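Sharing a structure below in structure tokens format, with a few things to ask.
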Amino acid sequence: MAVMTMRDALNDALHREMERDERVIVLGEDVSGGAGGTSGSRDAAGGIFGVTKGLLPRFGDKRVIDTAISESCIVGMANGAALAGLRPVAELMFADFVGVSFDQIFNQMAKFRYMFGGKAKTPVVLRMSMGAGMNAAAQHSQVIYPMLTMVPGLKVVTPSNPADAKGLLTQAIRDDDPVMFLEHKALYARKGEVPDGDHLVPFGEAALVREGQDATVVAIARMVPFAEKALDKLEAEGITCDLIDLRTTSPLDEETILESLSLTGRLVVVDEANPMCSMASEIAGLAARKGFAHLRAPVQCVTAPHTPVPFARELERLYVPGPDRIEAAIRDVLKEG
Amino acid sequence: MQQSPAQIRHAYTRMRLIREFEERLHVENPKGEIAGFTHLYAGQEAIAVGICENLDERDYIISTHRGHGHCLARGCDPRDMMHEIYGRADGLCKGRGGSMHIADLSKGMLGANGIVGGGQPIALGAAIACALRGDGSVSVSFTGDGASNQGTVFEAMNMAVVLKAPKVFVFEDNGYSEHTGASYGIGGDLKTRTEGFGIPVWEADGFDYFAVYEAARDAIAEARAGRGPVAVLATATRYFGHFEGDPQNYRAKDEVKRFREEKDCLMQMRRRVVEAGIFSESDLDAIDAAVIEQIDAAVASAREGPRPGPEIMLQDVYLDY
Amino acid sequence: MAVMTMRDALNDALHREMERDERVIVLGEDVSGGAGGTSGSRDAAGGIFGVTKGLLPRFGDKRVIDTAISESCIVGMANGAALAGLRPVAELMFADFVGVSFDQIFNQMAKFRYMFGGKAKTPVVLRMSMGAGMNAAAQHSQVIYPMLTMVPGLKVVTPSNPADAKGLLTQAIRDDDPVMFLEHKALYARKGEVPDGDHLVPFGEAALVREGQDATVVAIARMVPFAEKALDKLEAEGITCDLIDLRTTSPLDEETILESLSLTGRLVVVDEANPMCSMASEIAGLAARKGFAHLRAPVQCVTAPHTPVPFARELERLYVPGPDRIEAAIRDVLKEG
Amino acid sequence: MQQSPAQIRHAYTRMRLIREFEERLHVENPKGEIAGFTHLYAGQEAIAVGICENLDERDYIISTHRGHGHCLARGCDPRDMMHEIYGRADGLCKGRGGSMHIADLSKGMLGANGIVGGGQPIALGAAIACALRGDGSVSVSFTGDGASNQGTVFEAMNMAVVLKAPKVFVFEDNGYSEHTGASYGIGGDLKTRTEGFGIPVWEADGFDYFAVYEAARDAIAEARAGRGPVAVLATATRYFGHFEGDPQNYRAKDEVKRFREEKDCLMQMRRRVVEAGIFSESDLDAIDAAVIEQIDAAVASAREGPRPGPEIMLQDVYLDY
């Protein structure tokens, strides 16, 4: 075990998997950086968040491929390379850029295997940074997992800490299905203990981060540490909750949620997404469909408002569901029933 | 004609196979047993076959919504394809894909594609795999005149040049993009526009098998040698509507008739092969008859093929979920 | 009142609005058709489903603009034309083609007004055909309203009959916000009475298509006539339900749903979308959040499975939620509680 | 130099305004009061101003992520912009947009855009509105060397030709696309590639205001006359990193220094104007001093500007919902 940032844990997983399997390639804008520049460096960036740093010097530019600004082409290339036997890890700098590449995600990689009668395998990992927290405004701050989660054929991964980031990325690269790998940009610097050597976290297994009695709190990515903060405060008052970190939104670990709900009878879902057709909606709906017998109070959803992500610090802080709103929702869920 | 008689027989047979496959679908379609959109390739056979005769096992192709010709030229089984088009459980794609999504990965056939322009970046990805293997293999995308205006196609041309990838862009100008003439939608012209990206272009009459074959041979040799992407631009026409059922209001009444009578690729090929004394008319008639028999059998078995059920609906979304 | 198909009702609305307001323009692939062709016709198509038939001869090619196959550009042009004072009605032949134009929908038109401090107005209508029913397979059959409904800044319209189609399209064209107008392709030939002259249906007001006692059934687009079929059968047995046709999924008429639920205590949601983060999830979640006090049984969601849309007739029929599955869900919701 | 002294004063002032605006932001940024990504335009002033001096009220422009220069050249209020960049409630966009989303519809400024390549189709839509009005107005998009590879840009070029739209494509080659050299990502070259679409290209040294102005004047005249889209290709450099905070590892240490010393657009313009006897050094110094005062005031007021609250977060998603 070593303590490291999520960025370094991801970087470690990439190095290890590229070492382990020569079919793994990395591609995207500035995944190395410096090509055509005047400094002579070919590892000038290593990804704008530094996650792919050091890969080009180690594995060369046939396996670490800088591209032009052509996201449809980046994702499409990953799709084709996968069909042809490689295991590409493609990068969209910002998750918001699914906009310019959505067809290759939603109509192509997600559907090949099904449309082609089960004969195709498309082991693509699409890494992207998501979420608010850097005041990057409306086009660089979205968490887009709901619109990926709804697409059959995709798996969707949302790590909240360095150990999971390493374990889930390793799993993603070894997985034979297309995986959307969403790295919350406000978590890159989050530190934590990370297992040395091979570390895999299976998909579809949520983590029970805390155990408690009074309610079930389900959270995703950056909402997990925020929920922990809220719980720290409530625990001082004797209020305890199960805190479930989904880790993957597709597959969704319904069992863990429903089991916890059967014990607590109360549910709070914390989702950085906009409210409509969100993961919060999905899980609240799950409770209404399959957890109804246990439900003792209205489900509380803590989400962003139905607005784009605003720029100014004051506004972004209001936009993102924070510990205070989570705490208030937990208090609310305890009131009734 | 530097090709051996065996090669010529192979190419002629493939072209005839495509033609009969499509002509027969045109007859079967109105009967109501075939569901969905069917886009026929008849008229353009010399292009698909002229390209694919230059490929071998290691290579890849990716097709369009008008995919039957490319699939057959690449060696997909016509019976399995027919079953797919009829939506049968034992079709090439288990009845899940249909005409617009026929794929055969075992043959390096990366799929027809219902999204115009969807295939070109994918084919470029396969080209990268070819380059990494370093075995001289290439990846081919087919692109219609209409599709040539899709942003993804431009992106793929650009990136192919950046990466010097062994990628072959085949442009098939059949005069129409659905109900709109090719000349309307294309800014500049296909050749100059492609060359503007730094991609050399070989032009060929798309009704002339030998012309396409030779252009493709030269172009593909460049790509195999690692000198970067190439393009082949071939002009032809489609004999039928955009899809089966299209009333073709955008087309002069006798347009197709004239192409059929004056330029038909099979007619031209027959004439040249017979004139060169390679095969006799009756040799070729025998091929035609065998092909027709094959298609008859494919249709007959497809009509009786097994219907897919709920398991087929639910399987193969993931390998593991 | 005249009886006409949904196609004709839409065509009528377009003619009337183009006549009424010269800022209205129409653009897309083959919205007229025939340009560059050999027949000389410039109304050869009128849209592949015939909805824009006759517009070019009437209004000319400065206002009825055929485009190349460049969907990002089509939607982007509509956005820019709208910012510059026009009222564009752009067409994506198939809703699935949001894939190739998603950025202009999700990062541009939806966000202009907000990002630009309330100064921009983007009165775009984006028409598209959606849904299964023509065996058009995985890339031409999707209902994509959930992924549009979740995007703040968009309005999303899903008519189920000719009268609403006319009234909602008229409203969409006169509306100052961007509107996603989703025409179910299996409904183009559906006939019904359509008011003559000006007819507007306001957004965010669901229609109570049938009134009943036993449960609340919420349905969208083609699911409405399917639900009616199911109810016809159940009514013969004395089981009656409220049937709510959402008409617009954004804004969502929560009041009508909750009011009905407060009377029936039971909810069935019928949605042609895939199940995850669907409108079904959203409305089931709504019940868990705001309707919990009234809810007497688990919510039943009738949706497509978590698979792409399959091609074969037998498979597509299994895929689409039909009257039988709706009937079964209503029976199920009546069992418990 | 066929421009009047008043015109030259106007252009010089705008260029200086951009320069001082950006230089000042570079100084203020590390202090931590400015949030988000800030991309500075310093070094390229002659391009934005050389283009915009040819425009009038009816015209439109659309910008990029590096938008301050285009906004100021188009006449946006530097104080309101500064408030926006500081995220104030009374900023040009109420603090919701920030540096990357400054827009001013009242000035025909259709916005900076955080999506590379997002603006070109939008500007084409505005060009269609211009054509429909038939008043000779034009719509201008700015596109970086990196952005030029985005599919949407190619689509917009193509459709502009198809529709013969009064659209002006300005390509700004500043040598870099983030951390990657321009030469790496572009297949072919910008000029030939653009011409391949059938768009005539005027080239200009992007450090030379008069060269850009004249190229733009001639190009825009074509577009105004209804002869279809045109392009201006100008080469310059950016003086700062891709964004504020960029360590610029991809760049030789003295690269910017040399450009600043040898080619700087303001230096060149001063020299030519003074040599031609149009203004004296002290005339220009006076302009500079006034600009600096204006920027000082803008920064001072922005620092004290009102913070936005919850109403601002919730408003303006729709006009009516």
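Residue numbering begins at 1 within each chain, and the chains themselves are lettered A, B, C and D in the order written.
Please note the rule applied: contacts are C-beta pairs under 8 Å (C-beta built on N, C-alpha and C of every residue); 3 or more make two chains touch, one makes a residue touch a chain.
On a predicted model such as this, the values are computed, not experimentally measured, just so you know.
By the document's definition of touch, common neighbours of subunit C and subunit D comprise A, B.
One finds 30 Å separating the Cα centroids of subunit A and subunit C.
Rounded to whole angstrom units, the spacing between the C-alpha centres of subunit A and subunit D is 35.
Rounded to whole angstrom, the centroid-to-centroid distance between subunit B and subunit D, based on C-alpha atoms, equals 45 Å.
Listed for subunit A are residues 67-68, 70, 72-73, 96-97, 99-100, 103-104, 107, 114-115, 137-139, 152-153, 305-308, 310-311, each touching two or more other chains. Residues of subunit B in contact with at least two other chains: 93, 95-97, 101, 113-115, 149-152, 155, 158-159, 162, 184-186, 317.
Shown here, the protein chains touch in all possible pairs. Note for the complex: subunit B touches subunit A at residues 60, 62, 84, 91-97, 101, 103-106, 110-111, 113-115, 118, 120-132, 139, 151-152, 155-156, 158-159, 162-163, 315-321. Across the complex, subunit D is touched by residues 149-152, 154-155, 157-162, 184-189, 192-199 of subunit B.
Residues 72, 96-100, 102-107, 110-111, 114-115, 137-139, 146-147, 149-153, 250, 252, 267, 273-274, 276-290, 292-293, 295, 297-301, 305-308, 310-311 of subunit A touch subunit C in their complex. The residues of subunit B lying in touch with subunit C in their complex are 35-37, 87-89, 93, 95-98, 100-101, 113-117, 146-147, 149-152, 176-186, 248-253, 255, 307-310, 312-314, 317. Taken in their complex, subunit A has these residues touching subunit B: 25, 62-63, 65, 67-68, 70, 72-86, 88, 103-104, 107-108, 112-121, 152-153, 155, 175-177, 204, 251.
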